[in-house]
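Here the chain labels run A, B, C and D in written order, and each chain numbers its own residues starting at 1.
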């Protein structure tokens, strides 16, 4: 029997997926967002290869966290589903995941370079570089490829949930960005910010390939938005705050 | 007597042409899409120099594959018509062709450089570099110029239909990209992807002019979308799959 | 008792804030505009972390110039409020302030480089480079960080009101641009122009990292738009002239 | 008594001016288009500093070719009016002129570099590089500055009308592009193309700062669109052909 999942989660996952082309993060059918229901033990994800203009809530696929089985939905889930599942299992704080092929973040992933912390725009969201994973081995590509894609991200963060909270993004080498957050919507926001800071970083590096600003400036920006001393935002009006 | 061509083909070719400015691939009247009806021995193509905002199905021109004669339509076909015809004759798998002057793909064509395989975004569609042709000789420019433009593409691929299927795009040196596919719509998609990967490649090269990711990663991405073991997409919902 | 502020000022500040995402200067909730009422001794500013699509005039916050106290409004003002206040106190000519994280201006700020005067597009508005501040010290980051952010801008201009009029923009090192003007709307225009000249400057530097055009050309452009001999614009039709 | 000018010219000039922001060539009030009525001895131009969203046909200003006097209109004409007048007087083939501050063309003007002929996209419209003028002298800036801006363009082309026809664009050093054509609309098209080829050229140069494609290829593209052997376009359907 299909596991029930809250209608509000399906709606949020749908909206986050539909936002991907609107904010310019994807071409054609590229990209996908999922959101998890930890109590029900399932997550909801975009189906594979469906065009955004055709996508409705009925197309979303519900997948069981424990084994990846489809428990609701008529379509095949995103080919990247196992990557999402791996990340949900490794990091309990994650409530949503977004994967895109956004231009500048992919450029860093393809170059095998971290997106360095070059200013407060980055530090406002990411408490450290957005790092790139190692390459997958031939064996990891041949078998359980998508799950292994999640594994190299988990390895990159040493499986540390707190690090995943502080830097909610990673670049898979030669591939592109995965971002996450407390909700599906937050994971999408982090994808938008990851692309914006990659774009700015490329221009910064072309002007001046020297070091970052002082850590006390970066730290101030991270902590005024995150943690116990945060004072950014208005609780009732800030759906975007962490 | 004009050869009949399916109305659905005319509609698909019209829509693909109208999409060119919408997806940002062309300035003014630049660019053209055609689609072929192999049984009728004709292809349908955009007329020359007509603005996209004025273009209707009535303006489309039907051209005979065997000799390039206009068999239906009041307007002169695209000046690039003979290039399309040459490609249709050389590669039996091609159902549609798109030509654009999209910014980043043209930059590679003007620089005389292939778009290299730098990541999975490229490998998802193109099973190898998008290569650039040799320059046309003076004689090839003076006589049958447009047909010869097709010839240098055919030469680039050694006239191999299977290569044309695996890398459905080429850059004409000093000119720009031609892409193709099983249908007119697929050829347009490949034009969109060709431009996207050229854009990402330019940024990647500015960050790190070193080599590509491991071939097993690229191969995995190509084969999960193409060939007998493909598992990307949902057959009924994926108009974009090959 | 809350100080009264003119409704027209609130409307102008609202419109200038809503224009930020429309002109492509900000991502998500980033950026803020304020406008001052010198007679009433207050300024009106965007609340913290509210999404532009949700923002209405009711959300705007009125802050007292002398001590930064909120005198009207239910929400917390922008975290950058103290930076605005510092600039209003230092420069009596300023009527409005805009802060964005626009891509190219932030790249210069992150690279620690001034936006140089490379042509008339720059000189039409800025009578000199758009300079970058020094880094804030650790102490300046720990205490009164936002007010100190204004201080480094004031220091950069030697507290000279006339310089603030002639070059109504500055880049905070590692952070991004602050611009100002006689009104909130003018400060927004200067933010748009600051980003445009940063974009053009990046391309110019990639082509030719040599010196600027002759000063007599630059001076001619500045003086035909500003000062007693200005002849640009039509007084009744040019809301954008200084 | 004001000289009568054809209503169709006013309408064309209005539409061409309104198109400038729509095609992304200008920021704020920047840019202007004019069109000439040679028989009436006048040209129609945008007023100075009026925002595009406010611009109507009533705001257009009619200026006498012989002496620059305003013969119709309540507003001051564009500050660049004397540059337009100089070009109309020097080149009898010109029917319309466009001036913009488009990003990539301005970058070449600021770098003091011609936009080189790097491919057929350029050669389709410009039969040679889009060249940059010498700098204006201090004296030329102090007196009759705008007319002298036209003079350096005329000098660049040796006052040769045929050269102005074959390369309908120039870059004023440290300033930006002026383009022209048989009509106001054509001059706007050339501004669009000038920006597009500048954009592509910047990317091409970053990939490969080597030489251009063979001249026979470029010549073929220019002559298939221009001159007695042209075969591009459909006479009744191609408002954009020369």
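To be clear about the criterion, a contact is a pair of C-beta atoms (placed from the backbone, for glycine too) under 8 Å apart; a residue touches a chain by one contact, two chains touch by 3 or more.
Bear in mind that the values here come from a model prediction, so they are computed numbers and not experimental data.
Looking at the partners of chain B and chain C together, the chains they share are A, D. Interface of chain A with chain C: the two copies contact each other largely through different residue positions, with under half of all numbers used appearing on both sides.
Among the remaining chains, the Cα-based centre furthest from that of chain A is the centre of D. Between chain C and chain D, the centres computed from C-alpha atoms are 33 Å apart. In this assembly, the C-alpha centroid of chain A lies 47 Å from the C-alpha centroid of chain D. For chain A, the set of residues touching two or more other chains reads 206. Interchain contacts (touch definition given at top) occur between A-B, A-C, B-D, C-D. Within the complex formed with chain D, the residues of chain B that make contact are 27-30, 47-51, 54, 59, 75-76, 79, 101, 103-104, 106-113, 135-138, 141-142, 145, 173-176, 202, 205-206.
Residues of chain D that touch chain B in their complex: 118-121, 189, 192-193, 196, 199-201, 203-204, 206-208, 210, 212-214, 216-220, 224, 231-234, 237-241.
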